[in-house]
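A, B, C, D, E and F label the chains in the order they appear, each numbered from 1.
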Amino acid sequence: MEVTLIAQGLDLMLFGMGTVFTFLTLLVGVTHLMSATVEFLSPAEEINVKAQGSMPPLNPKIEPNIVKAIQSAIDQHRGR
Amino acid sequence: MENLISLWASSGVAQIEFGQIVMMGVGLGLLFLAINKGFEPLLLVPIGFGTVLANIPGAGFDAMPIYDAMGQMESPGGLLYYIYHAGIETGLFPLVIFMGVGAMTDFGPLLANPKTLLLGAAAQVGIFTTVLGAVGLSHFGILDFTIQEAASIGIIGGADGPTAIFVTSKLAPDLLGAIAVAAYSYMALVPIIQPPIMRALTSPEERAIKMVQLRSVSKTERIVFPLTLLMLVAMLLPDAAPLLGMFCFGNLMRECGVVNRLSDTTQNALINIVTIFLGLGVGSKMSADKFLNPETMGILALGAVAFCIGTASGVLMAKLMNVFAKHKVNPLIGAAGVSAVPMAARVANKVGLESNPQNFLLMHAMGPNVAGVIGSAVAAGVMINLVGNM
Amino acid sequence: MENLISLWASSGVAQIEFGQIVMMGVGLGLLFLAINKGFEPLLLVPIGFGTVLANIPGAGFDAMPIYDAMGQMESPGGLLYYIYHAGIETGLFPLVIFMGVGAMTDFGPLLANPKTLLLGAAAQVGIFTTVLGAVGLSHFGILDFTIQEAASIGIIGGADGPTAIFVTSKLAPDLLGAIAVAAYSYMALVPIIQPPIMRALTSPEERAIKMVQLRSVSKTERIVFPLTLLMLVAMLLPDAAPLLGMFCFGNLMRECGVVNRLSDTTQNALINIVTIFLGLGVGSKMSADKFLNPETMGILALGAVAFCIGTASGVLMAKLMNVFAKHKVNPLIGAAGVSAVPMAARVANKVGLESNPQNFLLMHAMGPNVAGVIGSAVAAGVMINLVGNM
Amino acid sequence: MEVTLIAQGLDLMLFGMGTVFTFLTLLVGVTHLMSATVEFLSPAEEINVKAQGSMPPLNPKIEPNIVKAIQSAIDQHRGR
Amino acid sequence: MENLISLWASSGVAQIEFGQIVMMGVGLGLLFLAINKGFEPLLLVPIGFGTVLANIPGAGFDAMPIYDAMGQMESPGGLLYYIYHAGIETGLFPLVIFMGVGAMTDFGPLLANPKTLLLGAAAQVGIFTTVLGAVGLSHFGILDFTIQEAASIGIIGGADGPTAIFVTSKLAPDLLGAIAVAAYSYMALVPIIQPPIMRALTSPEERAIKMVQLRSVSKTERIVFPLTLLMLVAMLLPDAAPLLGMFCFGNLMRECGVVNRLSDTTQNALINIVTIFLGLGVGSKMSADKFLNPETMGILALGAVAFCIGTASGVLMAKLMNVFAKHKVNPLIGAAGVSAVPMAARVANKVGLESNPQNFLLMHAMGPNVAGVIGSAVAAGVMINLVGNM
Amino acid sequence: MEVTLIAQGLDLMLFGMGTVFTFLTLLVGVTHLMSATVEFLSPAEEINVKAQGSMPPLNPKIEPNIVKAIQSAIDQHRGR
């Protein structure tokens, strides 16, 4: 039983890492292929988002009181 | 008099057990770490508070509802009971969180440099090594883990809270509290755990490697990528489809540009509401009998090991890639493969700046960082598939 | 080895059936229409994605939860299972959406010119003619629809997504996927379907009719109207009360001016959250066995017919009204009676501008447009009442 | 049975459209009555919302270029 | 013909009972009070509308779902049925509301002057006196209340909607409609009910007392206070822990400064969504047989008495404290101890300004005001504990 | 039975108010103790929120300079 547990752990290790690497390696290839296909099909597409320049989008929110301020400013502005 | 006795008998002081006092202390400790030390507060504040609530004797936060023979409710269940059973046992909350995380994720850097996906793969070595460690401890009779529990412990090394909660709620719900706390704590400790390992495994020259600037990524690529990933998952590993499916759905809503109001709500009101209840629900599993035992110590230790091995594997994989690659990769970004988005990427950037003040690695590290999320979800899918048949 | 076999056996490639491949293609096609062509993306993005998820073999998005004899959960259900059973089978999601739509609806133009309600009534002819068409196809053995299914198909002509989903989930849940997709697709196609019909049925002079400016509507009228409508529904057709009751509730919150924070949340966070889950839940009914059959072709064809007849009826009704009325109505606004808010009103405006560049019909068309929502909900109530007794 | 189906369809048509027209015709009358009553009870009420002038509230979102303008204003304000 | 009969038989006109007409009138009356008079519109608009909906004959808003022998749903339940059973019977909605109220509460003034807690305690005399009144009416055979019902009626005097709903849904669900309506109505009437009592019990000199300026309160105190309160509740009165636990959790999220996005959602989208459904769900208990009886009149009368006694007790307690205290308290702020946040504090400020135009009592009154919330929750805990054993 | 009801009411009154007063009196003491402890442990903490000066948080005020900044941003934007 306990030998089986170790064996199960080794199996998990082997097939688990195997799958992870297989999957992600495939994904590398598929992604390259995808990008190439997209480029081939729409070469002239405007590229407006530069990956280099953009910050990671993890704090996308403006503080709520500022949002309220803006909302009221816009309402005022619209003359409502 | 009878009333005084009733009030006294039902008071916390009269009922409290030692374990509950300790667990309340644990809950307050988590709140301290979250509030004073800034440890993943979005999750640890609700988890810590939920821990305190769940251990108030007689408050019934975790009570089951009672129905009479006619199916009529006699007394309602506790708040944490409902949260746990509706949102965590069913897997709904982690999946909704993953949708929200997808809506917050920018795949741009990954698309600009897809081979960093391999760094996200390598970092998952931490997960499986830890499973081995857990079964080893069990084998030698030091602790007692089933293979389901070992698999859940391993996933701590994925540095991905919702993935850890999703897997554990399926495979080893009794360990949910300990594993969730370990996962989020170590994610918060990334800036302390990772740098020494990163420095030990790299030379100053390697740390100073400047990477080529990332190419621009078109809107179409960003839209097609989540669908591509979903198709690959569907074809190869459907057990990972719930997690990655919702992740891709959130990301597609973000990138497609035509459902911005849905994407905004997903990134804000929806994920916030679910985060509050997920945290409280995890806290409900932090009872003394489930947490105060040697296994928890083992889980915390194994989780730390998992993080270290994952970090090391990512760095070493980057060095291995450099043996073959034309454009060298700075091996520091390999450490970001454990996920812990975006903390690990920031750590890579910071350590990189120490060796070369002109070398900004942040965006380069975001690739392996989000790759680590995918990698962990794939590992989770394998675990659920294989362990379910063991 | 056993593990490899398990992984392979549970992979999508090994399990997938032809129908699932086709349905994934349908899902991706819906996403394409939504994202590239702008077809009602708020609903078709979630529906399309839900379709893909529901057809991933082995992912279990639609799996039922399994309980042991003690009532303890053995394995949780899939995400789409929970969404469908909690939100769509119960009718809750369409009703909450209707509350949100009510909170977004401005009854002002309708109140300024109440006789446009008749245009909203006329456009419902499309619904009932389509029911006749469906039973006709069944009668001649071409397709096979029950009266419940025929009624659900007819409601596509109402051009009102939540109404169609509400009725279909009550009368013919197996057709939910096909009917929801048809309803939203045709709503998106309004700018293509309607103009030729509108031009064919009107003379250039009619299209150039300039309508008298709408009178101002007081705040009190706006507050009292939803309550008046509710009372009329309560007295005459309680079967329409769930839909119209929630619609009026949302509108009252909007207009009463004292619960703006509730109204804002209803129009934003709440309706967005429910829209996401409603779409995914509808997608869960898009399985090959329920969608890939001749009946779906029939539904799509009948839905298109319903739209055309509804449009024509609205226009003709407007012309009929002009025979008697003092203030002439531009017959183009009759086409807006199918609802499809606000698309149909914009189409009326656009076609009107072609004949008379100074003639702005948008606000005049908003009256029949929201009248069409009321009309469809009334038709839905009649259907549920009568078909329930057949 | 199939004859019944057609009959059922005709019944639905007849009673369905009948109800729809009856209901909405009644609603026309009731709405006129309601407006008249409101006008009668509070004739001097300020009428601040002109139906003609206001856009339908179905696109309550702010135009994206305005949002951008505001975003940059806030960034400036914060000294970022 | 059969169809005409079916339509007629199911119409509201044919089915309506006199009680339903009256209850619809009650619902419209609540809407009038909420919209025209500004009576607690956030709750009374949904409650009033829910009352109308629940009394539409044949609309089935309150219908139970029907399942066949296999557990398959035959017909879904009504919207209000689901809301009531999922959110109110379980106690979830009041608890979530309390979390939101906690996130909106500023304990600063209370922390600056903790002895005002005693004013919040004194105001609860209204609760328990009213219980006595209710059992007295029952004793003399005038009305018929059980001790559970008497306890629920008393809690109206707590001037705290969610607390009243939470207690009543546990002890006397049949009275939920009447008690919730009474609680919110009297909270709205605070500016009318309180001032005469306040003036009658104080001299002009007392009303002109100027209080010492409140000291500053540090961020740490604000963070530690909700935890301190929670611990005290846990140790002494766990039956109050659900309400006060969630209240403290909301307040901790507000004050800790590291989970602002959770706090914002709690104060906005989440509390708004739950408020809408809580109100509708309460409305579902406003059926004629539960509301139109002499007991409701008794509840309304007793509730008014409870408010008056609570107000008086608070004022008198403040005068008693002045006998011993060094720094005099303006007795007007004692009236704020009934809670009804922030209305009662504003009333104290307004009445104070009449006697001394330079004397701003608002911040001083916020202390007893939030103390009243705590006091009512403690009273609720005692009730649930003691009455459960009677 | 009815006598019992009165007795139960009196019991509720007695033990209820007793508990409420005991609890809140204790809370007064514990709060004082808490504040003293906090003060003792971190005496130099910056006290940035003056209770006296701040309005109750039920009508969150927007800073006027932010409103001005936004207003001017919108004006600029529209003036463009």
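Keep in mind that, in the parts below, a residue touches a chain if its C-beta (ideal position, glycine included) is under 8 Å from a C-beta of that chain, and two chains touch if they have at least 3 such contacts.
Please read these numbers as outputs of a predicted model, since none were measured by experiment.
Comparing the centres of all chains, each the average of its CA atoms, the largest separation from chain A belongs to E. In the contact between chain B and chain C, the residue numbers used by both copies make up under half of all numbers at that interface. The most distant chain from chain D, with centres taken as the mean of CA atoms, is B. Here the spacing of chain C and chain E, counted between their Cα centres, is 39 Å.
Chain centres here are Cα averages; for chain B and chain F they lie 35 Å apart.
Mean C-alpha position of chain E lies 17 Å from that of chain F. Centre-to-centre separation of chain A and chain E, using mean CA positions: 45 Å. In chain D, 11, 15, 19, 66, 70, 74 are the positions where the chain touches two or more neighbouring chains simultaneously. Contact with two or more other chains is made by residues 3, 7, 236-237, 261, 268-269, 382, 386 of chain B. Note for the complex: chain D touches chain C at residues 2-3, 5-6, 8-13, 15-17, 19-28, 30-32, 34-35, 38-39, 42, 45, 47-52, 54, 56-58, 60. Those residues of chain F lying in contact with chain B across their complex are 11, 14-15, 19.
Listed in rising order, the residues of chain C touching chain E in the complex are 85, 89-92, 95, 170, 223, 227, 230-231, 233-239, 241-242, 245-246, 249, 252-253, 256-259, 261-262, 264-266, 268-270, 382, 385-386, 389.
Residues 3-4, 7 of chain E touch chain D in their complex. Of all the residues in chain E, the ones that touch chain C in their complex are 2-3, 6-7, 10-13, 15-16, 24, 28, 31, 34-35, 38, 41-42, 45-46, 49, 52-53, 56-61, 65, 73, 75-79, 82, 268-269, 272-273, 275-276, 280.
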